[in-house]
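My structure is below; once you've seen it, I'll send some questions.
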Amino acid sequence: MRKICVVITARPSYSRIKTALSAIRNHPRLELQLVVAGSALLERYGSAVKYIESDGFIITERVFNILEGENLTAAAKTTGIGILELSTVFENLKPDIVVTIADRFETIATAITASYMNIPLAHIQGGEVTGNIDEKVRHAITKLADYHFAASAGAQKRIHLLGEEKSSIYNTGCPSIDLASEALSNSDINFDIYQKYGGVGAKFKNSEDYIVVMQHPVTNEYQESKCQITETLKAIQELNLSTFWFWPNVDAGSFGTSKGIRSFREKNEVNNIHFFKNMEPTDFLKLLINSKCLIGNSSVGIRECAYLGIPVVNIGSRQQRRDRGTNVIDVNYDKEEIKNAVNSWIYGDQPQKSLVYGGGDAGKQIAEKLAEVELKFHKTIIY
Amino acid sequence: MRKICVVITARPSYSRIKTALSAIRNHPRLELQLVVAGSALLERYGSAVKYIESDGFIITERVFNILEGENLTAAAKTTGIGILELSTVFENLKPDIVVTIADRFETIATAITASYMNIPLAHIQGGEVTGNIDEKVRHAITKLADYHFAASAGAQKRIHLLGEEKSSIYNTGCPSIDLASEALSNSDINFDIYQKYGGVGAKFKNSEDYIVVMQHPVTNEYQESKCQITETLKAIQELNLSTFWFWPNVDAGSFGTSKGIRSFREKNEVNNIHFFKNMEPTDFLKLLINSKCLIGNSSVGIRECAYLGIPVVNIGSRQQRRDRGTNVIDVNYDKEEIKNAVNSWIYGDQPQKSLVYGGGDAGKQIAEKLAEVELKFHKTIIY
Amino acid sequence: MRKICVVITARPSYSRIKTALSAIRNHPRLELQLVVAGSALLERYGSAVKYIESDGFIITERVFNILEGENLTAAAKTTGIGILELSTVFENLKPDIVVTIADRFETIATAITASYMNIPLAHIQGGEVTGNIDEKVRHAITKLADYHFAASAGAQKRIHLLGEEKSSIYNTGCPSIDLASEALSNSDINFDIYQKYGGVGAKFKNSEDYIVVMQHPVTNEYQESKCQITETLKAIQELNLSTFWFWPNVDAGSFGTSKGIRSFREKNEVNNIHFFKNMEPTDFLKLLINSKCLIGNSSVGIRECAYLGIPVVNIGSRQQRRDRGTNVIDVNYDKEEIKNAVNSWIYGDQPQKSLVYGGGDAGKQIAEKLAEVELKFHKTIIY
Amino acid sequence: MRKICVVITARPSYSRIKTALSAIRNHPRLELQLVVAGSALLERYGSAVKYIESDGFIITERVFNILEGENLTAAAKTTGIGILELSTVFENLKPDIVVTIADRFETIATAITASYMNIPLAHIQGGEVTGNIDEKVRHAITKLADYHFAASAGAQKRIHLLGEEKSSIYNTGCPSIDLASEALSNSDINFDIYQKYGGVGAKFKNSEDYIVVMQHPVTNEYQESKCQITETLKAIQELNLSTFWFWPNVDAGSFGTSKGIRSFREKNEVNNIHFFKNMEPTDFLKLLINSKCLIGNSSVGIRECAYLGIPVVNIGSRQQRRDRGTNVIDVNYDKEEIKNAVNSWIYGDQPQKSLVYGGGDAGKQIAEKLAEVELKFHKTIIY
């Protein structure tokens, strides 16, 4: 049995890996070791750990490593503590392969620890382009990883251009599309959204049209977080459509964003927005499938919404240069641009569906490759 | 005044940066912040810190971060502690640019800390190719760094192929060549080598021909370290030439190497080797200039010896695929191959000098660029 | 100039040391080094750091060491990180004496670091008795400390009984009494409490009688935190007096307490309580001076209220066995007991003032002693 | 089954606990969890871990936490790292009781972690008096511990005077006496000491009389370590008796001591000393039993030698005020005093045996108590 240790450090990463986790667990030649760390363990960031457990996964180890401070120094230290803790975890678990996901700042702790301990490292979702601190981290992890599971042909090509052997790069599509595919086959919102998820603000009837907002801070622009979120808040208030709004995840800039939302709500009477802290991924997908438009800068707009054919207004630089379908209109942090884009989706043509991020079997492909690949932790640049 | 914070974590890195340190310190628009960390602070790894101070540099901060254990887990943890400590240091010093050197495992702590704290990061000696754990680290640092000071045209090209903007890559040559150039202009060994550096083993007359050995462990081959060093020991014993041998630096595998040397000495009567722990870089260069051949896997053989035209027998994979002059014969961990190669240099033609690693002004070029470059910590891949 | 390094790790500690800080800063032979750490830096625990700065103190170093998790393991790790960070701070600041305050779990990090680095250690408020985890910590710090500033004669005697030399123990009274003394001389609430401190819930007229509640979790009874707070909430609701209620500070059990309050508010219509997160110490003292009664388990009830002669209903074990004046009625976590005790203060005789915790010059006495004492970090038990 | 987690951080602690480990392992109602940490894991401090394993104990977890630096700051940080690591260990092992041994600086990491995690804590060998940094640590641990296993009646009484309940203090004697008792019943040196332990220096015949030296640095007197050891070296050289000398253990001052020994050997021709790094405890006891005298400041001289009736010359303050038998002559760091004391033992009356540190069944008593005691982690001072 090959021991596959997956480290999940944040709520969004869980959606990106869930179907792969199932496929690993169910694979006859693989044993799943599941490590949950960082903000995925903390209630105020949405307790991803609860969803993981309620989905039936057994958590092998929990690693608390978030240093409070919500500044850049604390983010760096969180990474340092992550390495200290994960070293102990890997020494105890002795995995054959470690899997790290995407590009959040704390994921590099997983990558460095595995690399230094000579444990083969697999990276999910390398090779993408955005244009913030995540980009430094994402490509640095590519240079540390031994196997690359790319989510699109563009990402696959880019990983190769970064100097990695073609034979170590697989375009499996994104596991998050697997979930979107499942959700599409059963997309009724068959629960009371307010009872199940609480939240605060306006409440809407089931029959009403609605839009969804999810806007994260952009790490490198800490000071501007508050201004940026305020433009969106104004646009949504003026559009006066029924709106479900999701709080941002934790990051060096999340404090400015949260502050901006709180401050706007105190100063303005906002009657068309209901705010949620978080939602189970499947429920969130159903909510999207039945919505008129997604606004913000979430990667869900670029990935899942491409496959699902959901209209997206993508704000600012966070998803810059990622491969995308025809379902995305890009705008600046500007109230009017946001309003115009939303209106063009509400009143205009609807987008085509796209397979740019895969066809719904990424999880299975990843598990199969993890069972097959030659174990190695040594590589050299191709150039 | 632009504050330039250079972090030195090991003895070999100091030689690679010394002339740049002088040039930064003497530059009218730069202020040098010098942080000494890791094994550079410890007596049993040669106390690089003493040489740094005796060269007249003022040390701004000392960071102790080596966790004892001499295994891979301890190496990972050392990196984690390094990040924790350097975060505090950078918060206090508030540098405008952080400079990290080369590719040893602990250097990535400097790179990650600076990146996460949004401090522009300069990397000395990226883009090279070797073929061990250092390679993962080196190219990962390239993906984190904002400015690249390459030591050769080949390295410069490779950094660009890794997806970095041409405008952020400078081929300055290697600062270690600056030292070699200085040493060449005054190469007499005008001191008593045994009195100044102690050491143990055989002693030779000044007039005798001699060779030099410096062989480091290769991290990824921990178990084999002892076998590898033993082949070299046997070759040197059988060659029966007067030999100066330098102990390896600290690494996950250094224990095996050290053990191999000790064990060989206990079991064999060795009459032609004198062992040193370390030597001031300038004295070491003089020793090389007057030697017949350098044997081992030190990068000095590839770089300084190219410029100086010194014959080198390079063993194993550690320097694999680095740009090199015509002064190097590559061999495997094989007693006979080593002996044959040494003999071919002793009795055959002598190599040409080469400028592949620069012409002796790298330090000044680096300082000038650090004073000129636009400050930035944000970048995106070119592909 | 003798360098006195005071480490403040939490909001309550600041009130306990404020007048000593002023006296140290103003002393001709002392230099104040002020380190702010732990929850004192964090907004969600009341940002003590802002009050410290607005009081005109210059902060020498900030140390972020709170590891998120709100469980006992995270509390232990927070202490470990505290030691790592404070070691660096003390190495840089080279204080002549380090001052640590009271008994919160993170204060032992200060005590251990100073002890191990051979820096003389002064402890404020040792020798007291409560009956929770704080008690282990408090007396352990006494055994690490070289000078003891006790807040009462009872505490002074107890420190001596713990094996400390009489000559190293000073009964200065508590510096928090100094603040109470100042507040008493100018006790008008000359500001709009709702405008200045926000908060949520009912609002009262200035002229109305009111009571104050402040109840912290008790670390050793994590599971029971929610039940305990609920008894108090019910009592206060049934008493139906105008009430100002303060949120608890951070601790392994604070989550249960906060949850209890939130849950009670959601399920019950509460019309007689206004909730505050925190208040500047001076304003809080004015609020107390003008109140009818303080309910909860805050040490303010035991100390400041003794000097001020304010009636107190003290709930549970947290202040158990502390020296006290005649102003305290002790009750269990029991709705009826709480109600009866409050009513007996509202409708019965008022308490006498007491000097058990000093007469208002503790800060000056502490500074003077710090300037006078012989520097030493070596001691032996008296028995 | 009650889970008993014993943390061993240094070689000397192992001798102090070995028979208790066996008794715990063999007890029908106890399960032994053995954690080996700190210098006990490291080859250059004598690899206690090898002896532990060769004695048949299974090591549950290994914790590397020694930060290199050999200065006081590194000692403090080692403790911080110890807490970080042990928190994870205890979270995984979920022990019912944690056992910490004696008073070395790193043992407080065990005590703090257990206390903060609400795990009942047992302390072996509290209540003793010496007069160095150990004393602060030892008594601080007493204030954190819930059960106290004292090694002598004097220690038992002192723990009570420190404010602990009599019912939580047991005078079991010292487990090291159990080993001395075993060794006495079979005390022949039936092995070739040079072959088994190597070492360097002079070699003596089996039939010769000899003395033994073991002198550790005294933490608080870092600078003087070298001078202190030199006095002993001179005395031993002039006495010109066959001498077995053991290297000091790791401590902030060990560098000075080691340097002193090396430097003396280089400058003087020393013909009567053989140096050992370490020895299995049983062999060491046999060596003592057959020796004429023990010189230095090891606690072995105070404890085991009391039971065994071996003459001791105890140098300096390290064992100051410990209970002792009549087998000890105390002297200062003074060549002449040392020589005179050794001569008075060699040529004078021999000491009586003493049961001051127990009668040889401490390990069994400790295991039995650990199986019986009520589990608790909450206590309050008796005063």
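Observations
Note that the chains are named A, B, C and D in the order they appear, and that numbering of residues resets to 1 at the start of each chain.
One rule holds for everything that comes next: a contact is a pair of C-beta atoms (placed from the backbone, for glycine too) under 8 Å apart; a residue touches a chain by one contact, two chains touch by 3 or more.
Remember, predicted model here, so these are calculated numbers, not experimental data.
Remark: among chain pairs A-C and A-B, A-B carries the greater number of C-beta contacts. Farthest chain from chain C (centres taken as the mean of C-alpha atoms): B.
The centroid of the Cα atoms in chain A and the matching centroid in chain D are 54 Å apart. Rounded to whole angstrom, the centroid-to-centroid distance between chain A and chain B, based on C-alpha atoms, equals 40 Å. Shared contact sites, meaning residues of chain B that touch two or more other chains, fall at 73, 77, 81, 84, 88.
Those residues of chain C that touch chain A in the shared complex are 41-43, 64-69, 71, 73-74, 77, 81, 255. Contacts from chain A toward chain B in the complex involve residues 72-73, 75-77, 79-84, 86-88, 90-91, 105, 108-109, 112-113, 115-118, 129-133, 135-137, 139-144, 157-158, 161-163, 220, 320-321, 377-381, 383. Residues of chain D that touch chain A in their complex: 61, 81, 84-85, 88-89, 92.
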